[in-house]
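Mind having a look at this structure? Questions to follow.
Residue numbering begins at 1 within each chain, and the chains themselves are lettered A, B, C and D in the order written.
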Amino acid sequence: MAVCPTRALPRPEGSAITGALFQEVSPMRLRVFVTLKPGVLDPQGEAIRHALSGLGFDGVEGVRAGKVIDLDLTEDTPEQAEARATEMCEALLANTVIEDYRVERLG
Amino acid sequence: MAVCPTRALPRPEGSAITGALFQEVSPMRLRVFVTLKPGVLDPQGEAIRHALSGLGFDGVEGVRAGKVIDLDLTEDTPEQAEARATEMCEALLANTVIEDYRVERLG
Amino acid sequence: MSAAVVVFPGSNCDRDLAVALEAAMGRAPAMVWHKDTALPAGTGLVAIPGGFSFGDYLRCGAIAARAPIMRAVAEHAARGGLVLGICNGWQVLIEAGLLPGALMRNASLKFVCRLVGLRVESTDSPFTARYGRGASIALPVAHHDGAFVADPDLLQRLDGEGRIAFRYAEATGEITPAANPNGSTANIAGVLSENRRVLGMMPHPERRADPALGGNDGAAIFQAAAAAALEAA
Amino acid sequence: MSHTAPPAEPEVTQALAAEHGLKPDEYQRLLDLLQRTPSFTELGIVSAMWNEHCSYKSSKIHLRTLPTEGPQVICGPGENAGIVDIGDGLAVVFKMESHNHPSYIEPYQGAATGVGGILRDVFTMGARPIAALNSLSFGAPEHLRTRSLVSGVVAGIGGYGNAFGVPTVGGEVRFHPAYNGNGLVNAFAAGLVEHEAIFYSAASGVGMPVVYLGAKTGRDGVGGATMASAEFDDDTAAKRPTVQVGDPFTEKRLLEACLELMASGAVISIQDMGAAGLTCSAVEMGDKGDLGIALDLDAVPTRETAMSAYEMMLSESQERMLMVLRPDKEAEARAIFDKWDLDFAVVGQTIAEDRFRVRLGGVLKADLPLKALSGEAPLYDRPWTAPPAPTPLGPLPKIDPAEALLRLLAHPNHCARAWVWQQYDHTVMADTVAGPGSDAAVVRVHGTDKALAFTSDVNPRYCKADPATGGRQAVAEAFRNLSATGAQPLAVTDNLNFGNPERPEIMGQFVGCIEGIGEACRALDMPVVSGNVSLYNETDGRAILPTPTIAAVGLLKTLEARIPLAPSEGDTLVLLGATLGHLGQSALLGDLYGREEGAPPPVDLAEERRAGELVRALKAAGLITAAHDLSDGGLALAGAEMALAAGCGMTLDAREGMAALAWFFGEDQGRYLVATTEATREALLERARVAGVSARTVGAVGGATGGAMVRLGDTEVPLARLQEAHASGFARMMGDA
């Protein structure tokens, strides 16, 4: 992530950031993986496997399909961004009844 | 993939595998990322961004949604598996008119 | 007591549902916008329509389930209020935690729109009370994500508690794979909540509640719900 | 969004103009008009306005010959869609449009955005869409790309229409090797509107705000309008333009927001953004209202940074509209778009001068005479030659009629299309009385006992062999499909798909088809109220079959008037219309033997009309229980389709003195197979005699011993085998049976 000058300034927790400064913070990019829990039937993965074999690709033992969601977040630290992304997964991005998720920092 | 006789010949890379043994070789896992090309409209990402902000998550600057497909392939070398996965992307997994793809080796 | 239809951006069966409810109740339901935070006073029945709320992006029903109005719907359900979710409405109710299980992509991976046969599995609910038990009816389905998924425990519970409202079936009432349009576990087409006052179903009774359209099998659901809503008043 | 400076613009030269598709004389025309070299943005604007897609420069003089008027017509061609009165203060708004090239490049998105575009054409006039049709032409089933095109196109049409919430109630699917390199996706939509709630595109009033509505602008399809008019060559893959991605969720919100906006009284005029979005829509609104338009592109909502004026003017981002606003209603209008989370931006105003001015970042990027952009567009009377005579009709093949029927019913061109239409929501809106699978789809007018009937038809093989007859036949078949459901035909829209008009033989096909269409529309009182032309459908000099798709709309005054397709056990079958056993260009020879021989069947429009009127009169008199029109595949195929619909056996008798194949598979026009009871048969025959329509009893429903059989003369095949062949043909072809 690009280090921008404002980041270097010590700020108290939750201090107000003026609009002007805020703009300069380049957002952090996080990648969220949402995949079906093991054991949950994956018709899409199965269909892809079938289609691949129809196209003459042999030796495809298994296919699992999932989602990847890239988020650009303006948070102060990578840790905070990661925590935020995890909250988003719990709140919306994953259906934890059938899906697992994982958050990764990018670039 | 079909086991062809040449496979039974001793090879420098990796151990020689006979047809019978071949079945027991644990397949290689590859991960394929399929994402929209830059500039292509991503209504899904936009809807997620909007929903996140409705849930009170501020500072979400951008969301792009994509697919991740995990493949278990029986190939002899990681290089071959990677090449095979790339062919699969071109043939089926990605719609190269609007999507980019990337193949990664897993574990 | 009256009915309310919740409208999300992307809902497209809201009008059809309102027409069917009005025919059954003799008065038009209130149309409630997703950004509202309360149901109209005196709402006895909340109906969540089919369609593609929020484009069905991310997961069907996921974004709608988190809309402001859904807290009021959950409170209504908790008070024992009637809630009916049809198609996308069922997906919303599952995402909102008001009904169990999950609805996944059809086994064919294709959208499916056709008339399906159903067997009424439970008549012990305010929605299905006017059918005969085991009755064969026909209703249209139109969905891309209608494969009901439940783990064995849940399945056993639903079955044991008589909470499976409908199953996809042949006209003879037989439950066969061929009668299953989407790969649902155990051909399940509709599920009741524990208190039996919340129903989610994939087929569209509102599209077959008028003899002019070739059949009337769906009307009984609205009539039964209307009667129950009045009774609750 | 802020605009950082876009890269410097290229200098405009004749070569750059050529890259934009302007021929040397067309570029000279532009120089003469401006008396200076155009700016890059101006070149983009003019090339978009003057290309085939927007200017109709090759087709216009011929299109003018089509009949467009009638007492029922409220608005003919020239607006976003045609409008026809259906009584009680209501009107039906409809149009058909092609998305052929985009669908060939990216089938899902191409077809999806085709549906999106035609829906916008309908609701921009104030109508709520109530029905969609799609006419699809693909290459040979065994061709490398066919299956993936079919899958993608069908999924795209469903993906968009289903989410939007319009029932897709009918259409056509055909396969022919002539479409191997160029498939056709023609999308039709119809909507309902009250007479007083119709909106048009002509701007009025000087100094009125021009408002941008809907989704944001990206670089989608920049150059798309130019592409849609260029012949494919083998580098198409390399030149892939940015494909437009459709968002039905935004379209649905745009529909609701626009209808609310119109009801609020804020709209002076409104126009959707289609090909060359902002350019075409702004020019059209100014041109129709005799006003100039000044646009300030800094106000355009964009989703990408550093967009140039050129890109913004040519962007084909979807789900956008342009409106001229009543200024005192701005706050109210804006609130509606806020409610639906859609963009609303004042991007310009109407001006008195006849200029089209475009500014970005304070710089004047274009300053063109507005009226000249459409009025001075080139117009061509391209040379054409009459088509060569078809090869003569050879001897009849040797095959049992029942065997031929079985094979035809399994053929990709004649098997059931349920594989396709089960992927379309055809019951949403809860007014579908007869969906896909009937002669014409029937959709109730919401809240009334009336209904509208919709069909789309063309036989490209006929059009190739004899364009004028083919044109006539397409209209006649549409008329017949409406009549067979009991509907009174009202009007048509056309989608004229041809190859490269710069080739005289292609232009000859075009001219011939239009002549036939015009003649038939006049004779059958079905004016053309809207339409679309798609040329250059060819690859490496191989053109598609001439495919002038005709979509027609009819009215059922009551649901009672509807005639079903399925007869009942015990019914008697009567054939209306004369049979000579015409096998030229027939499905029997063409689809089973690859023999495209002979002249197509002649179309007698007077007989056609009498037969159609008779069918409706017979229904009104209670003399028929079911009806089906005869088209390709003749009596055998029509009979089998009725048997399948009823789930009953059927006997069709041979005809003395006529070869069995000619009698059962001949494609003579103007015919219907109707079902009646023994009690009403005599009265029916008498009515036909009085009407001057030949009628003969040809068979009966049921009547076979043992399992249900379909008998053709002295040959027979079990109904169950026909059912299986018919039902599974499509899935088998797609490889997922």
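Everything below uses one rule, namely that contacts are C-beta pairs under 8 Å (C-beta built on N, C-alpha and C of every residue); 3 or more make two chains touch, one makes a residue touch a chain.
This is a predicted model, so every value here is computed, not measured.
Participant: When contacts are scored as defined above, which chain pair ends up with more C-beta pairs, B-C or A-C?
Facilitator: More contacting C-beta pairs are found at A-C.
Participant: For subunit B and subunit C, what's the span in angstrom between their mean Cα positions?
Facilitator: Here the centre of subunit C sits 38 Å away from the centre of subunit B.
Participant: Return the distance between the CA-based centres of subunit A and subunit D, expressed in whole Å.
Facilitator: Spacing between the chain centres: roughly 43 Å.
Participant: Could you work out how far the Cα centre of subunit A sits from that of subunit B, in whole Å?
Facilitator: Chain centres of subunit A and subunit B, defined by C-alpha means, are spaced 17 Å apart.
Participant: Would you mind pulling out the distance in Å between where the CA atoms of subunit A average out and where those of subunit C do?
Facilitator: 33
Participant: For subunit D, give me the residues that contact two or more of the other chains.
Facilitator: In subunit D, the residues touching two or more other chains are 247, 249-250, 341.
Participant: Can you pull out the residues of subunit A that are in contact with at least two other chains?
Facilitator: Subunit A, residues with two or more chain partners: 91-93.
Participant: Residue numbers in subunit C touching 2 or more other chains?
Facilitator: Answer for subunit C, listing residues that touch two or more other chains: 54-55, 57-58, 63, 66.
Participant: Can you list every touching chain pair?
Facilitator: Final set of chain pairs in contact is A-B, A-C, B-C, B-D, C-D.
Participant: Where on subunit C does subunit D make contact in their complex?
Facilitator: 9-10, 12-13, 15-16, 19-20, 50-52, 54-57, 110-114, 140, 142, 144, 204, 206-207, 209-210, 212-214
Participant: Note which residues of subunit C are touching subunit B in the complex, please.
Facilitator: 54-55, 57-58, 63, 66-67
Participant: In the complex of these two chains, what residues of subunit C are touching subunit A?
Facilitator: Interface residues on subunit C, with respect to subunit A: 58-59, 62-63, 66, 95, 101-102, 104-107, 109, 147, 149, 183.
Participant: What residues on subunit A touch subunit B, complex-wise?
Facilitator: Interface residues on the subunit A side: 27, 33, 35, 45, 48, 51-52, 55, 57-75, 84, 87-88, 91-93.
Participant: For the complex, which residues does subunit D have touching subunit C?
Facilitator: Interface residues on subunit D, with respect to subunit C: 155, 158-159, 162-165, 247-250, 252-253, 256, 340-341, 418, 421-433, 444, 449, 559.
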